[in-house]
Each structure stands twice: as structure tokens, then as C-alpha cells.
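First chain written, first letter: the chains are A, B, C, D, E and F, and each begins at residue 1.
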Amino acid sequence: MARVLLINPNISDSVSDLIRAEARRSASPGTQVDVLTAPFGVAYIETRFEALLGAHATAQLAAQHCAAYDAVVVAAFGDPGLPGLRELLPVPVTGMTEAALATAHLLGHRISIIAISQRIQAWYREVVEGYGFGGRLASIRALDRPLSSIGGVQEEHAQALRALAEKAVAEDGAEVIILAGAPLAGLARSLHGQLPVPVVDGVSSAVRHAETLAALQPGRALQGSFALPPAKPHKGLHPAIAALLDRQPR
Amino acid sequence: MARVLLINPNISDSVSDLIRAEARRSASPGTQVDVLTAPFGVAYIETRFEALLGAHATAQLAAQHCAAYDAVVVAAFGDPGLPGLRELLPVPVTGMTEAALATAHLLGHRISIIAISQRIQAWYREVVEGYGFGGRLASIRALDRPLSSIGGVQEEHAQALRALAEKAVAEDGAEVIILAGAPLAGLARSLHGQLPVPVVDGVSSAVRHAETLAALQPGRALQGSFALPPAKPHKGLHPAIAALLDRQPR
Amino acid sequence: MARVLLINPNISDSVSDLIRAEARRSASPGTQVDVLTAPFGVAYIETRFEALLGAHATAQLAAQHCAAYDAVVVAAFGDPGLPGLRELLPVPVTGMTEAALATAHLLGHRISIIAISQRIQAWYREVVEGYGFGGRLASIRALDRPLSSIGGVQEEHAQALRALAEKAVAEDGAEVIILAGAPLAGLARSLHGQLPVPVVDGVSSAVRHAETLAALQPGRALQGSFALPPAKPHKGLHPAIAALLDRQPR
Amino acid sequence: MARVLLINPNISDSVSDLIRAEARRSASPGTQVDVLTAPFGVAYIETRFEALLGAHATAQLAAQHCAAYDAVVVAAFGDPGLPGLRELLPVPVTGMTEAALATAHLLGHRISIIAISQRIQAWYREVVEGYGFGGRLASIRALDRPLSSIGGVQEEHAQALRALAEKAVAEDGAEVIILAGAPLAGLARSLHGQLPVPVVDGVSSAVRHAETLAALQPGRALQGSFALPPAKPHKGLHPAIAALLDRQPR
Amino acid sequence: MARVLLINPNISDSVSDLIRAEARRSASPGTQVDVLTAPFGVAYIETRFEALLGAHATAQLAAQHCAAYDAVVVAAFGDPGLPGLRELLPVPVTGMTEAALATAHLLGHRISIIAISQRIQAWYREVVEGYGFGGRLASIRALDRPLSSIGGVQEEHAQALRALAEKAVAEDGAEVIILAGAPLAGLARSLHGQLPVPVVDGVSSAVRHAETLAALQPGRALQGSFALPPAKPHKGLHPAIAALLDRQPR
Amino acid sequence: MARVLLINPNISDSVSDLIRAEARRSASPGTQVDVLTAPFGVAYIETRFEALLGAHATAQLAAQHCAAYDAVVVAAFGDPGLPGLRELLPVPVTGMTEAALATAHLLGHRISIIAISQRIQAWYREVVEGYGFGGRLASIRALDRPLSSIGGVQEEHAQALRALAEKAVAEDGAEVIILAGAPLAGLARSLHGQLPVPVVDGVSSAVRHAETLAALQPGRALQGSFALPPAKPHKGLHPAIAALLDRQPR
């Protein structure tokens, strides 16, 4: 009976709705799934600077609400703030990129990522390489047209996205496809059976892996670089963040 | 209601019992878990040549029995035959190393593997590097004493194994520990709360990830290098393998 | 006559004083050097989560003040927020780690970093690897005793730091030493002639390289992943950040 | 007066004939060269699963016959079972890929491989990367038409293969070409003088390097991961394999 | 008041003139800049063998003249002899490739190099990879037409060079451009404001970084692999080289 | 009936004698083996600068004498000038490091190098990494005592060298040992049967591989980066080098 909190690091409620719908469809029976939207930031994170903003907003929400959940998910591809949150939070935390890679890793060797904007590709690549998955990345391919509405990308561009996936298989040697970005949540489900290789979605992967972490209870880091940051003076922090930092040393 | 088949590529029934016990403890309610033991091979796979034997034995069992399951697990660390089976079988297949790495990837950056023999380390390292996880491997540490019985490693060497894990954290910078090898199935559960970083077990990881693959239904490879091998003449193969190879081209 | 702004992403005025002193000693004649201290955050950044906080604080200060400068320096080793700031700011920006690596790269092949806390090492390693310098890293070595005052680390631990540097040369094959962390600003100067290999300091490197970027005027990114983030809705951002994001598209 | 045994891991006698012809043309005066064909398996190995089958067939033949030879060659590109056989056999063993890479390494830095089917490329790439030669691989290029007869590939497709090699030089920066796959044995000899860079053939490389290993007598591994697998219970193995595993511990 | 000696490892005085002009434009007020031309060698270094010749010529000039300078620059892209000279000379030494990479590293993540001949690309790539910058190289692109005069490349091919840079940005993801080769010295300055990403020039980078090394005085290597080669018998060396090798052991 | 020329890039006749003896012992019946000693340079190459000198001396000898041989060997570990010579010479050329790695690659995965001085290790590592073999290097270990005579290293230090090899196997996971440096030529032969893993010698490997290249006749590079350097003005070169550079374009 896991309780999973997904935090949308963007300010778009329409994307949070897509996330919520796919998360609930993917969850095991009995799992409680909630989605929160960033109180500040931008409509859609495509760059390193926007991720910097989203990371702080996510941290504030996670600090305020994590006590009521068994696991937390950073619900944007690119996982803004994830490594830092893993130090701070008392519960397991994962992100859409990290979780999608974990699933894709079980389905094939070379992975392609289909994204919704040209600009987003460099940042995605850096995140994937930071996770050590650079050697398994066949390609990143992306839409090259402006998006009229971030909540409606799937309907508007479904055929173009599918064509990008097919090109990744035929030309880049992709053995698995990840449909990247919360605005595409649920598209893997719609494309079921229409692509020549397995297709992975970040939201459903993250929910399922969060459930697994809650069930296996691997334990929290008490030493090493994912333990709680050392106690030290701070100022001006959100009270919920301050409270987590001030927990008793372990 | 996933049905998961675990195949022990070794001939040791005592190890199959350990696998079965941990697999059933770890499975979600309603999941059916069965374990089969290799009909030929060695008592415990520590080397590349022994893995070559175990791979063929696993393939024969998998071919015979996969039709009754939603997912198959190669239940030896090192995953003998896994990439080949992914081409052959009509259902998702994973292995203990691959699955443990997927879980560890969600818990920390640098991963150490604790193993039960000195000899086994070189082979494990090659498998981990083959999966592209070499950059995240903090170390492999192993027992250096002979094992009196492969089914009794946990009881006999629990303290030594725990000490190896602690050294990996303190000296190698491990942020997650994987207890490797089917003979250690269940040990992570016993050590819960006794190690300073999260601990991952291959059997429970594999069962949970197999359930996830069965639930998410990412689709089978119809193109690319994990599609069924091209139809061609063969001879002398186990009938179940021959039948799978002779499926209609897609 | 470059004007260089250094931003201390930590809240410690005593460290800002060390930065200011070394920056002014290192600057070319005529260069204007100013140092600002983060308005919120922690006393000393050692972890990924603390860097997440420092990145946002640095972004706010940089956005408010960059118009009066020719270059900006993120004045903490680890460079919190640097890649994002490079997208946002209209002037060149560098950081202590990036700049120290650029200098060390000109002095030898294998580089060791001497740091002031055990905990800080994992984060430093990830930053260095993210810059693609992992192959040139001989080692990171760090003090293993608690620091009584962050502004007095140099006096208190000078001998221990020097001993760490000597070990890095003798045992790790270091051909250049970087003394890492703003609290060590100036120590390279004091140790001049006492170490058997060249010694690099982050503050002086960053000031000099900032001057070079101001002088060479290589131009700003108008395309690619370091151009200004695409215009889009936002909310709740610091007005100076919002103003920079809302600049006319180029 | 070396005696070299080449084992074709495929069931195709026509390919064994090609191997035998090229091996005998390439061998030094006085070298005895014999070729055996796999008793079970497929007509031509293109995939990981087919390699799994060929590895076991090769192991059985090698175990039965190695006592009469000074060196053994796995005579299929991709080297099915090679690392395991190196543990098992009392004589040196190499394979067509490994040997071709050793030769190509002496002739240029960036190497392209010309292969006979699209499907085979992913497996070849994994093998080359497993040998640590990924950084020297310029490209793999392959025929994209069905093969009417595996023994007649050279005649049927000589011009297409030559065109692929020329493209690899002109577009991929290849400085050496490897013509891959036993069905191409001898083609390098026919193309002599027709390509703008050196051309390497797996069979002739393997025969020559096998002679070199027999002559230099570098010694057998008695420790480390290529020593004979540790003595342990086994069952159901081919008697010749069992006999080799049961040799006295060294 | 740094004194910087640039050595052109080629025999072309016209290229030395280009180097001198750009070096003097780029230097800080008060810096003395001199340029010498190799006494033997080829007109323009494009290959490993030509670099071998240029390295020795550069060493002879550097040994003869270094006593009068605070820093030395190997003024050819590819840096012939640089690592060796760093062992030999009593003053800091850098090269055009190394220095351009240090600057580019401060301006973006993925770097493209624009070169003046097809042949030169393989050598450049090996040099960049040898510096550990392979992971940051987006591409190398080069003119494919013969050069009528090495001193007039800029005028003759300015538009083609600019088009190559634009392709590197648009197709290869370049975030910074390096205009490579001493014959292009000064072109970055002429193209200022005409390219969509920052542009880096080797000569100006090298002069500025040489000034920085002279100012920061990081110290000379007395141990490790960049210390003076151990004293030992020699014969037939240029007297200036012999004198430097025979300095008292430190 | 191959004719092989080995060039000692050092000025030590005693080392040339060791090379000659081992080369003749290792050669096939009928192979002609000659050894020449560098006319200028140092007694023993341990550093990058000494290699720069040795490269030029080797080039002069090779250019003068190559017409009478089927293959040339750079007979110093570290292979001074090898990549450049491959462009220049009309016959195949290899070096002791390259050839030893080719042999070791056929005998095990992880390779350790035993060297005769501490200082030499950094240079060896860079050469091995430049060949792309960094991932297979288990360790480099070296004598740490001064050598009383370069021609008598083997006798004086045989036990210490053997102990280093044993440590490399036991502590570094070496699966093959390379005894590095021409002064150790022949030692692998003396240690036969005394080490627990295969042992490789550079001179015998180079002679055998040179014979193989002469026999297989893979062809010369007419395009790509190992073709003859483009025709262009030069001055002051050794006449034999000039003559090779001025060959008719192909």
C-alpha cells in the first residue's frame, strides 16, 4: 500500500493532470498517487537554468510534504534536483529520466530518447551522461516545431513523435525507445504495438520503481555522499527545508 | 497477477531453495513464482567457461517452459545467457545482475558488489562493464576463504560479508551495496538496518522488475538486434529451442 | 580595465573576505574586483543539496548585479549553478573549479585536488567528471578532521593540507595540485616553492581567466544550448531573473 | 612446426571449406592446419543467441581434439565462447575477431569492419567493445541484401563489399579495413591492391597469431581469471569437457 | 611585464607574421611578444610525421632562447613537442591547441574545431583525445580544397570557413568554435559577431594564458613526470638542449 | 624469408646487443634480423622529451635503411616516433609497446607492465592510453632503485622484477605480464614457467608480428591519415627523409 508523491517542477497544471492520469493508470492496486505542481518556475523546463529553478521549487514542495509518503518522484524528464533531494529526504526518491533508464536497461542495450524540443536535447544528454548511461545512448531525437500548448503536445504531434521513434530504430540502432518529458506521459501506452521495439514512459516507470523501493526497503544512507548534509549554520531557507537539515545527526 | 519463472543456471538444488524463498517473500501479492534448476552444468558458476555451460542449460529450460509465464529471470549473478535469451523468448527476461544494477542505480551513484569468491570477481566485472555500468562501480570485494557448502554460505560467512560491505563504504566510496550471487539470496533482508548505505539483493530486484515489465507491457522487439534471430537452417538443437527459432518471421 | 564580480554562494562573510583578498592580489592592474555573499543558504557547501540552494542564491545575486560587470565568477569550488548561469547572463561567467582545471590543464597531465572535508569529495568528483576531466584526475584527498571555523581553515590545517598534497604527488602520480575551496583562497600563494609540483588556486585562476574572457570577447551564444532560454510563461521568480529571461529574443 | 586447429562454430561445411583454404594459404611452411565443423547449431551466427549455441558446440569439439594441437582458433567472427575456452584449454586459443583486431592495431588507428548482414552489426559491436577496442572502431558497415548461399557470398557480393570498404575510408575515417566473417575468408587476398588502406582478414590473422603464440610459449595462466575453473561438482557435461575440468588442480 | 616567446614549428615566415600580428594585438599592455620560425621542417604541419620534425626544431629554438622569456608558446595547432618541452624548459610552456581548449572549456561544453585541410583532422583528433578532451569534441570540420598559399588562407577561404563553423553549430551541436591552425590567427577577431556561438583563436588564447602562468607563478615540477629528465649520458644533441639536460639535479 | 630491421632509438650499444640476441632467437627460420643504434640521443629513454629526440634519430635511420627491409621495428618500449614513421615508410612498421600489447591481447584481458624505472611509468601510461588500451591496463609497476648499468638490468634486478610481476598478478588482477623495455629483452624467456600468468616480451613480439605483416601483405595506406604526407616545401631535412617525402604522389 505504497504512498507515492510526484512533484511537477514546472508551473503547468495541465501537465500535472497528464502526469496524474498516467501515474494512476500505472500504479499497482492500492497504491496512493498524488501530484503537486511547482509554486514558482517556468511553464516547461528545457534548459540548465530552468532546471536550477525547478530544483529549488521541487525541494520546497518535497520538504513540506514528504512526511506523508513512502517515496517521492521528480516528475520532469531531466530530474531537476534529484541527487540533492536524495541527500535531504527521509524516503526514497527517483525521477523520470533515472526511472526510464532503469526500465530501458532491462529491455535492450542501445536506447534512444524522443523529446519535444530541439533545445532540450543538450540538457538531456548531460543528465544521461551524468548517470553513466552515455555508452548506451543511441541518440536523442526531437520535434523541431514550436508547441502551441504544452498540455496538448501528444495530440498535436503524435505522428511526428512516432516517426522520430521509427527513425531512431532504423538509423541510430535504437533497441529501446524512451518517450521523454512529462507532456508525453501516457503516449507510450497509446503507441502500444505500433513501434518495432519496446517503448518506455518516464511516469509509469517512476511510479513502478518507487513502489519497488518502498517494498524492498533497501535502507537509507547514513554514511557516504547521500547521507543527510552535515549540520551547519544556515539562513533564509524555507522552514520545511531547514527542519529536514536540522534533523538529529545519525 | 504476473507469473514469473526463475531459472537457476547451476545444478544446486539447495541454491534453488534459497532463490525460491527470497523470490516468494519479495513478490507482490498474487504473483506466481516458480524456480527451476539447470539439468546440466556445475555446482556454482564462477568463471566465463562455467557461464557458457549455464547459458545453454538455461536456454533449454527457458525454451521449454516460457509459454506458461509472463516473465523469465536468469537466477545467477552474472546473468549467463541473458542477452541471447532476450532475442529468443516471447516474454520479457532479466537477470540478477542486471536487475540489481537497475535497483542500485535508483539509490546512489557509486555501487559496490560483495561476492562469495575471489575467482568470481573478474567475470562479474566484465559483465558489469558490458552493461555500461563500469563508471558507477566503486569496487568488487569478495570472501577469500573456501566455501564448505554453497547452500550454507550465508550462515557460515555472514559476519565476513558484512565486514566486506563496510569496507566498501569506508574505503571505496560505495553509496549502495549489492550482495551478489544466488547463494546470498535473502541476506540483504537479514542485514536490514545494519549497514550504513542501502543494500540491494539480486533475486528480489529481479522478481520486482519482472513484475514491472509484465505490468507495463513495453512491447517486444520486432526489429533491431533483440528481435528473433533470422530464420535459417539449424541442426541438433533442443526441440523447444528449435520451435522458438522456427516461429513465423514477423 | 575589466570589472569582475565574484559571488560567494555561501552565507559566510569570513570566506568572502578571503576570496576578496586573493582576488585583488591576483588581478591585473586596473581590474575592478567585487565580492558578494549569498543572501540565503548554508555556511559552507559540501553536498549536492547544498549546491542546489547555493545555485539559486547565486542566480539571484548575479541577475541583480551583472549589468555593472564584464564577467562573473561563481566563487565556490564545485561551481554551483554555473552551467545555468551561462545561459542566463549577458556576460561571461566561470567558476572556481572550471577555472582551476583550465589552469591545471596547462601545467601537467594528471591533477589532484586537495579538499577540506571528507564529505565534499563525492560532489567534487561528479563536477570534475561532468566537465569531462575525469580522465585527468589523479585523486581527490581531503582533511578528515572537523573544522573549528570555516574562515580559519588555512591557519589551523596548513601542515595537514601540505601533507595531503605531498601524498598526492608521491602516491597518486599527481603532476599538478589544485587547492580546492574558497576557504583555501590564498594558500597556494603561501605554499609557493614548498611543493614539488605546480600548485593552482581557484580564486586567482578564476579572476585571471575572467579577465581573459573579457579581453578576448569571444562572443555570446545566440544559438545552441547556452543561448538564453526560450521565452515562455513563468511565475514567482526574482524580478531580476525574470527581467533577464524576458529579454527580447535574439 | 605448429599444429593449429580451427573450429567453425557453425554447421556449414561450405564455410569450413573456405576457412580451410585460406588458413592453409596463410600458414607458415610446415604448419599443420585442420578445420572442424560444429556438430549442432545454426548455418551462420548473426546474433547473441546463436553465438550462445555456437559457443557450446565449439567447446565440445575443442575439448575432444585439443590434445593433438598446439593452438586452437574459434573460426567465426564474434569469437563465440573464446573467453571461456581460454580458461578451459591447455593450449593457446584465439578467435577471428580478436586476431583481426590484433593485426589491424599494427596497421592504423581507426578500424572499420565490413560485415555480411545488417543484423550481425550489433553483436559485432558488443564483441569489439568488450575487447576494449571501442575507441578505435571507425564504423561497422554491412550488406543489406539477403544472401542466397552462405558459401557463395564472396562471389555474389564482391563489388558491394568493396564499395562498403571504400565508403568506410571516405566517410568514416577508416585507416584499416577488416573483412569480417568466415564466409569472407580469402577476400582480403583477392582485393589486394584494390583498396586505399590496408585490409585484414580474420582467418589468416588467426592462423599467423596462433603460430606466434605456439612459438613464443608465453606460458599458461595458473592464477587469475584465466586459470582452469576451480574443481567442483558437475553433471551432464560432455565427457571431454568433464575430463578437462577434472584435471588436477595446479 | 611578461615576456612571451612564440615558436612557429613550421618554416613559413608568412605564417610567423600572422602569428606575430595576432599575438601582439591580444597581449596585455606591457607584455613583450616575440616570434621565431623553425630552422628546418615543412611549410605546414598536417601529419604525425611532420609534427615529429617540428617538435625537434621547436625544441632547439626553445632551448636556445628560453632564458630570455617568462613563458614559451608552441605556435602550431597540434602543439608539436609540447609535453616534452614541459619537461625540459625552466619556464611555463603551452601550445595553441592546449590553450584554445582551455579557453573554449570556459565558454561551452561541446567544442568544434574548424581546420584548413582534410588531412589534418586525424592528427588533431588524436591530440585533443590525448589531452582528455575527446568527450567534449562535437566535431572537426575542414576545408576540402587545396590551399594556394599558406599565408593567404584567411582571405581566400573566409566564407568557406565561416560556413563550416555554422554547420558545426547547426548539425554537430557545437557550443563553441575553435578556429584552428596558425594560418587562421586573427580570423576569430574578424568574424566577431558573425557566428552564433563564441569563437576561440589559438594564438590569442596562448598569449593570454602564457601571461597568466607567468603572473600566477604556480611553480615548476621538481618531482613527477614533468620534472627535468634524469641525468644520463647523451650524445649528438644541440648544445642548448644538452645544456638544459645537464642542469644540476634538483 | 622476411628481412626485419630493428632500430634502437637510444645510443646504447649494449642494449642493441640484447635486442639483437632476443630478436634472432625469436625469429622464424630464414628471417634476416638487423639492429641499428641511434646516432644521437640519450642512453635510455624514460621521458616524453627523450622520446622526442629518439623519434627523430629513429626517423633518420629508418629513412636511410628501410629500402633493404620488409618491415621496420622501433625497438624501444614507448615506440618513439612510430605513428609518424607509419606515414613515412614504404614498408610496415611496428614498435615494442604496440607489438607487446597485440600479443598480450591474445592471452588475457587485464595486462600489467613491469618497467625498469619509476620515472618511465607516466610516459608508458600515456602511450598505452593513446593506443586505446587504457581499459585493459591492470597496472604499471617499476623498479625503484637506480640502475648501475643499463645493459645489466636483467642480471642485477631479476628477482625484483619477478616480485613486481607477482604483485601485479596478486594485487592488481593482472592476467598477462609485459616485461617492458629493451633492456629486459630476453627476460621473459628466462622467467618461462616461473610466473603464474603468461609473460610477453616486446622484442620477440615485434619480430614475430613484423614477419606476419610481411607475410600477409595487407597493403599500404594510399588514403587517410597514414598515407604519405602531402607534397609541400621543406628545408633542412636529412636527405633520406627528404627523399621519402618527395616520392611521387600516389
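In the analysis below, a contact is a pair of C-beta atoms (placed from the backbone, for glycine too) under 8 Å apart; a residue touches a chain by one contact, two chains touch by 3 or more.
Each chain and its UniProt protein: A, B, C, D, E, F = Aspartate/glutamate racemase family protein.
Because the structure is predicted, anything quoted here is derived from the model rather than measured.
Under the contact definition, chain A and chain E share the contacting chains C, D.
Contact with both chain C and chain F is made by B, E. Taking CA atoms, the transformation carrying chain B onto chain E includes a rotation by 180°, reported to the nearest 5.
Relative to the C-alpha centre of chain D, the farthest chain centre belongs to C. Comparing mean CA positions across the assembly, the chain most remote from chain F is A. Taking each chain's centre as the average of its CA atoms, chain A and chain D sit 44 Å apart. Each chain gets a centre from the mean of its Cα atoms; for chain A and chain C, those two points are 29 Å apart. Each of residues 83, 86, 109, 121-122, 126, 173, 175, 224-225 in chain A touches at least two other chains. Here, these are the chain pairs in contact: A-B, A-C, A-D, A-E, B-C, B-D, B-F, C-E, C-F, D-E, D-F, E-F. Those residues of chain C whose C-beta lies close enough to touch chain F in the complex are 109-110, 173, 175. Residues of chain F touching chain E in their complex: 11, 39-44, 46-53, 55-56, 59, 81, 83-88, 117, 119, 121-123, 126, 130, 224-225, 229-230, 232-237, 241, 245.
Within the complex formed with chain D, the chain E residues making contact are 121-122, 126.
If you check the complex, the residues on chain B that touch chain A are 26, 28, 83, 86, 92, 94, 98-99, 101-103, 105-109, 131-133, 135-136, 169-170, 173-176, 188, 192-193, 195-201, 204-205, 208-209, 212-213, 215-227.
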